[in-house]
Amino acid sequence: MSPDLHLWLLPIVPFAGFLVNGLVGRKLPKAFVTTVALVASLIPAIQVAGIVTKFGSLTLPHVENLGTWITAGAFHAGFAFQLDQLTLVMLCVVTGVGFLIHVYSVGYMVEEEGYWRFFAYMNLFLFFMLTLVLAENFLLMFVGWEGVGLASYLLIGFYFTRESAANAGKKAFIVNRIGDFGFLIAMFLLIAHFGSLSFSSVFSQITARPDWQGGFLTAIALFLVLGATGKSAQIPLYVWLPDAMEGPTPVSALIHAATMVTAGVYMVARTHVIFDRSPLALTVVATIGVATAFFAATIGILQTDIKRVLAYSTVSQLGYMFLGCGVAAYSAGIFHLVTHAFFKALLFLAAGSVIHALSGEQDMRVMGGLRTKIPVTFWTMTAAVFAISGVPPLAGFVSKDEILYQAFIAPNGGKIFWAVGLLTAGLTSFYMFRLWYMTFFGERRAPEAAQEDNHGAPVHARSDTKLTLEAEPHAHPVHESPWVMLGPLVILAILSVIGGFMGWPEALGGSNWFTHFLEPAVQTAHLSYEQTSVAIATGAAHAVPAPTPAGNHHLELMLALTSTLVAFLGWLFAHILYYAKPALPARLATQLHGLYSLVRNKYWVDEIYGALIVAPVLFIARWLLGVLIDRAVIDGGTLTAGYTAQGFGALVARIQSGNIRSYAGWLALFAAVLLAVSYFGLTAHFSLR
Amino acid sequence: MLTDHILTLITFVPTAGAIVVVLLPRKGRIVQAFTLLVTLVTFALSLHLPTHFDYANHGFQFEENVPWINSPAIRYHLGVDGLSLWLVLLTTFLGPVGALISWRAIQNRTKEFYFFFLIQQTAMIGVFVALDLFLYYGFWELSLVPMAILIALFGPNRGRQAAIKFFLYTFIPSALFLVAILYLYAKAGTFDFVQIQNRLASGSLGLTPQALSWLSLAFLVAFAVKVPVFPLHGWLVDVIQEAPTAMAMVVAGKLGLYSIFRFNLGLFPAQARAIAPLMIVLAVVGILYGALVALAQTDMKRLVAYSILGNLSFCTLGIFCFAVAGLNGAVYQTLNEGLTGSALLVLISMLFERFGTYDMSLYGGLASRVPWLATLFVVTTLALVGLPLFNGFVGEFLVLSGSFAGHPYWVGAATLGTILSATYMLSMVQRIFYRKESSLVLSRPAPDLGFREHLTLWPMAILMLAMGVLSPYWIRAIEPAMTPLSGATPAVAAPVTPTTAAARLSGGAQ
Amino acid sequence: MHLALFIVFAVLCVAGALNLLLQRHPINSALSLIVVMSSLAVLYLLLGAEFLAAAQVIVYSGAIMVLFTFVIMLLNAGKEERTHGSKLAYIAGFPGAAALLGLLSYIFLSRRGEFGQARLGEYLATTSDLSRVLFRDLLLPFEVTSVLILIAILGAVALARKEH
Amino acid sequence: MNDALRILPEIIFTLGGILVMLADAMMAKGSSRKPLGWLAVLAALAALGASFWQAQLPPGTAYYGVVRTDAFSVFFHVLIAGIVLATLLIVLDAVTPETEGLGELFALIQFGAIGMMLMSSAVELLLVFIALEISSISTYIMAGYRRKTAKSPESALKYFLLGSFATSFFLYGIALVFGATGTTRIDDIAAAVGKAVTGGPVSPLLTVGLAMIILGLGFKVSAAPFHVWTPDVYEGAPSPVVALMSTGPKAAAFAILLRIAYGALPALQDHWLPILWWLAVLSMTLGNLGALRQRNVKRMLAYSSIAHAGYILVAFTALSPDGIAAASFYAVSYAAMNVGVFAIISHTGGYDDHLTLIDDYRGLAYASPILAGAMAFFLISLIGIPFTGGFFGKFYVFSAALHSGMIWLTIIGLINSGIAAYYYLRVVAAIYSEPAGSAPVLSVTGPSFPLLLAVFLTAGTTLILGIAPGSVLSAARAAAQTYVAAPSSPAASPATTASR
Amino acid sequence: MVPIAYYLVLSAILFSIGVAAFLIKRNIISVFMSIELMLNAVNLAFIAFSRQWSQITGHLQVNGQIFVFFVMVVAAAEAAVGLAIIIAIFRARNTLNVDQIDLMKL
């Protein structure tokens, strides 16, 4: 009997914060709003810390039920929270990073008029995110799932007076809705087959039936994947994430890098029991993942908006996580999720700091030479860049390597996944170092003048900026951020550097603690087809042990070296192109013009979607249905009926010639008819009833 | 004892109020205030129902059953079960809302307005509580009149046509409906719903199969028009556009859907199943059609009208899939639509009061001008697009999940509606509240919600949330009423009691 | 003898009726109507209704037709012009009238036997026979006719009153 | 003396009429004749009371069996007295002291009432004929009462010529029936015909005579296809008169039709049932369709009255006491609502019909809410919306018809009533929509006292008939019991039993 | 010895001619006359029938004849009213042609 952890407090506290700030925040002083928001995000973090300490003593999974929410006939779904290793990891990331970013925001958003609104939304996001990871059934998970979508919608559209921001928010919500459609259908299928949405019940039913392979499970899994691609910005639904950069930078850091977008990965890992039964679904996940990773990376190469580069890199990194899950290396995927949360959050926050320093400038082409002007930002940023580029021994290197290794040893097609993943790693390091060089090295390419053409940055939204502790940005151009912002940077930097050692592979003499810790939550590391068939035969799918690392240490080492090499190659190219020979890129661009413009325009995917989906739908809606059916057929039909009746009316009125003799004639005629009818009894021949 | 006559009170207090309204002087806001008082009293009275409702038994409760006219055998028979219970409450709840929202919107002819408004209340409540087919039909038809007159009286530009269109659209099918009722009476010799149900169930009326299917069809068509179900919605848009908000709120949905539950499922279960495939298709088409057409609108009221069409089709879908969950969901969705749809119309009318147009393209950037209005608008939007923890989600989820097993592909298609609804609602929010402030918005002084408006909206908003989180509270009454309907034959197939036999004789004694 | 009389006056009737139909001046029509009525009086006599024969001559040929001629004179109605206001009168009315005639005559002739033969001089209805019924069995109708006549007077006064 | 009591209402009206005439003659030239109207109202009230009083007389005949007072005749006596009462009040509201011939008018109305009343109580075809003529001739005259105008005399002429035309058919019918049975007394005819039917084939004289009688009465009740006169006459006649002639003579004629169909010739059901069936269908359909396009309110209501005649004829086909009761009940409710409508039309449109078109009524609600509300109420009742007499009447009629298995008739009828809603609604919508600028309707004055009285009377009746029709229903059923023998005829039983 | 049927046929002929005259005549007064003609035809039928029944029953039947008597009275009354109406319409419209009395139509 495990103690009551009051898990419900975790989400409720931020929600309280949301209510307070949301309902009365507008009237309150910033200081109060700040306290409320920070406290509301700190308490969960502390509670999680408390949980960590008790964690060993718990019987897992630890479930706390707060009663039913929806019930119909035999079906019940309640407010049930669950805690296991996976949840705990997510909790740590969400609350930890979440709190850091809250702190950072205090500095970053201080001049916004919608300050209270911002923090209310941030707390709301925490509420939903925590619900998502704590949920014990699909339905409650869906609550968080849609909820974070809502929060992200609100925060992307934070500068709602900017058309682009409003559009981006709408786009994000709708694209996510498409994913949620998949999630819903998956839930309907689950109810239809299992009569329940509770994880425990569904999974136990599956494990009890080893003969269930593929079939409807594949269907469920694929619909879940659709949901995941929506939330985690994978092909084909990734399009919303780059636009989401319209939101304030801390939002991009928290929601669109560290936490929300990883929900898809978490969901796949959480429901791995289903995926394990469907090799097809797994392959799909892996393919989507690796494809997205490569595709997004290529786009990232040519982006010039610093936040968009990071956005595409996020998409690409999420691809890695999908790849990990796709090869059933869920722990690897989650591990990358964690490390990515560190360095990507850091990258965004640092970028934010840069933007802040340049008072709103986001275009890297006009940056440069900031190394000396904002040292703290520079160094933290450097740590993040090295981490994501996979420079050992930083966090990124470890987690990415784990995934590549698992992909490599995965059955059929694993090698291809690995190859593409490797290539992507190279691209990653290239564009990250490109960013690094363009931002911090060389000379400042555009002086103050450039500050006019900064497209849609926060400063624009600051219609009536009140002077506060922050110096007026335009007063002195480039300035380091206050410590309230730098603090989180430093902490995250440290995490990005050492984070990797949680899962330092045995191959390099580590203990891979992280993987082993997650084991119980996401068993069945590998389950190749042969083994599956064996499993079916033996009826013990989960008895199969993960292949012993010993045999593969050599291989793993080789792969690690390769990827390190690739990482440095990417760095080298970046160095040549953007530091040694800054003129080269332009020439290359002109030489490979076609390819250049293709990539530069993100493969015109948005345009293609617009032409193939949006436009036709609107056409059908407006003309085919709106005009043809509704106006012509339905309204027209009504009118026609009316006019027909009136026509008959006119006919009847024609009798009324007004002439007495006509009337008499009429009467005489019908008199005769009447007499005849009555005399011959014509009507006796048919029934009146 | 209150419990014995509570239904009569709830039903006729508004009428009494209406009569008083006629006598009130035409000055100040006396009429408004009095109407508000009456509706509040009615609501308070109706709260007696859920508090004294016996959730254990699934029969009719608070029954009143006295002879009204002995020949033809018409009885004054009222009663509520889990189905009608909440619909009555919804109606009485919307009463004060309607009174409040009309407070400033209706400036002239106030006496006429509130008189007919209160009569409308009586008619709608009566439809839900009447258990005698004659009485029911009476209220059913009565509910048309105040609506039509108020549309004619207050329709901004094409009021007369809209009123007549609405009236004929619903009245002509009701004629056949009346034939069916009379036919039943000719056979059964009684108008009492319960007796007829028993006799039909026990097959003691000796009706031929095709007679039964014609009867059920006559019932269904009349109801389907009133809902409205997809191809029969020709009146909806005009009416929503022309009717005063307080009327537009209540014109669609609950009356028709309730009747389908009560009669098509209650009296003709087999026939309802026979026609179910068609209805399911129509429902799905309606969902997608409504959503898509709404997508193309620039006029708020038209948009809302089509969205209502779409959302009501969810109920139809749930009904005709005959799964307990689906049926529960359908009822729940009916309540949602009544609540959320009304809230949306109220909000729109508030915008209209401020800026004098329903054309979205003229709006923009209102969020910073009227934050509260914007907030509540967004809340309503979210409830409407079925965001979890709001009422809309519970309804849609129950309907879809319940119906899915039976008709996976159709329900799958219907689920697409959730995407579309989000699309058009968010577009509306964006056009009105986001972007730069439009010239119109800048040209007018736009005060944020006043006290009266807060008073109107908050109860609805809170109720949306409550219904989204605490659904079992409502379901526990609904489900017992739905379970018998989900079976192919009504559970109340009791043998013909002496009384019904006697009634049959007296009815046959011509 | 009887037959001869019947034929003569029947022919006279029909001739008068047709003349009424064909004449274009109201006066002529009125006169031919008088012919019809008078010859009808004879036929009544043949059927033994002597009182009615007298009444026919006095009331109809006398009072009513005089009234007619008087009005014709008053409004000095000229020859009627054959306007064509109504086609229906011809295309519907005449067939109707013809059908009536055909049907009725067919019925009467086909069951000629049931009606029996009228022999001259039988069943003479004297005034006293009539009055016995009239003032006893049909007292109320008789009284009520006074109301009818009152109305007629009122109407005539109200409608034909001189303008002022 | 005892006999006189059986025609007490008629006597009262006779005295009332004569009194009015004398007073009129004695009153100074140019002095207002309205007091005479009130005198007539008193007479009508007395007659109403007398009719009610007659209810407690034992059923029986008087004057050597030419009149019969029973539940049936009392029912229609009360109805007619009520109609006359309301009409007199309307006239009092409509006319000005200058209106010429007022005294005669009040007298005529009362004398006409005698005819109508006798029509419902006569059991001797001769008396029926005379009563019919009394009511007809008095209405001919009143139709032409606004003799200065072009339309009024025309409507009188049309009504008169066509009416007499139809009457002669009616008369011929009586002659033929007399020829077949040798009597003109309802009961004797019934007996004779009953024998004849059981004896063998029906004499063609009877069937043809029946047809002609139906024609004559069909004309009086303006049932299609004998309705042609109705729109023109209603349009031209003064509104108060239309109020009377669209209800009083009609009700009386229906009473006769009931007497003849169920009282005299029940044995000929197989012959008159189909005829009435067709008349009903034609009347409902032609009436409603014709009304759809009318722009003149009175003309529209004329067509609607044709349709309503059709509804009443539907009840005839039920061949059951219920049917008779339904017909009688409908007559009452129709009278109540139609007189009500014309009361308001005569006030709004004026005695001189200066408002004729539906569009002229736009915005009446702005001129006089009371009138508008009342008119809307009457129209709604005419549509047949529940809780009004119109609905219950329709409901009762069709339920009776359906009981004897007349499904098609019921369907046709109710669809018709659906269509009918359109043209009534046009008026309601017009009343309640914004008036056009300086419309003449805005100069409409509030109702005068007599009009208020009339509206209260009619509206009250309409409402009561819709909410608590119990008493009237039982009266109608009692009236129907007079013919309880009727449905025991061969043709009815199989149908009615089949429908059980 | 004349079959009563002949009298009846005669009445039918007169009646039909009356109807036809009503349809043909343009002058209102003539139209009115044709109505009188029809009434006369009916009278003839009444008398014939009453004679028939006298013969069937074997003793005098006067009901029919009395009916005729009343018809005459009514006809007189109708004539008075009718001619008054005709005068009124002549004053109002200054014509006696039925074809021109069609102000109200449709």
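We just call them A, B, C, D and E in the order they show up, numbering each chain from 1.
One rule holds for everything that comes next: contacts are C-beta pairs under 8 Å (C-beta built on N, C-alpha and C of every residue); 3 or more make two chains touch, one makes a residue touch a chain.
Keep in mind the model is a prediction, meaning the values are calculated, not measured.
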Least hop count linking chain B to chain C through chains in contact: 2
Those chains which touch chain D and also touch chain C: A, E
Innermost chain, where centres are averages of C-alpha coordinates: B
Two chains joined by the most C-beta pairs in contact, as defined above: C-E
Euclidean distance of C-alpha centroids - chain A vs chain C, Å: 103
Mean-CA-position distance for chain E and chain C (Å): 5
Distance from chain E to chain A - Cα centre to Cα centre, in angstrom: 98
Distance from chain E to chain D - Cα centre to Cα centre, in angstrom: 26
Multi-chain contact residues (two or more partners), chain A: 653, 656-662, 664-668, 670-671, 675, 679
Junction residues of chain D, two or more chains touched: 126, 130, 133, 137, 140-141, 144, 147-148, 153, 156-158, 161, 165, 204, 208, 231-232, 404, 407, 419, 422, 499
Each pair of chains that touches, named by its two labels: A-B, A-C, A-D, A-E, B-D, C-D, C-E, D-E
Residues of chain C touching chain E in the complex: 2-3, 6, 10, 13-14, 17-18, 20-21, 26, 29-30, 33, 36-37, 40, 43-44, 46-49, 51-52, 55-56, 59-60, 63-64, 67-68, 71-72, 74-75, 77, 80-86, 89-90, 93-94, 96-98, 100-101, 104-105, 108-109, 111-112, 115-119, 122-123, 125, 129-130, 133-134, 138, 141, 145, 148-149, 151-153, 155-156, 158-160, 163
Chain A residues touching chain D - in the complex, by the definition given at the top: 642, 645-646, 648-653, 655-656, 658, 660, 662-664, 666-667, 670-671, 674-675, 677-679, 681, 683-684, 688-689
Touch list for chain D against partner chain E, complex: 126, 129-130, 133, 137, 140-141, 144, 147-158, 160-161, 164-165, 168, 171-172, 174-176, 178-179, 182-184, 231-232, 235-236, 299
Residue ranges of chain E touching chain C (in the complex, touch as defined): 1-10, 12-21, 23-27, 29-30, 32-34, 36-37, 40, 43-44, 47-48, 50-52, 54-56, 60, 62-63, 65-66, 68-70, 72-81, 83-88, 90-91, 96-100, 102
Contact set on chain E toward chain D in their complex: 8, 15, 18, 22, 28, 31-32, 35, 38-39, 41-42, 45-46, 48-50, 52-53, 56-57, 61, 63-64, 66-67, 70-71, 74, 77-78, 81-82, 84-86, 88-89, 91-93, 98, 101, 103-105
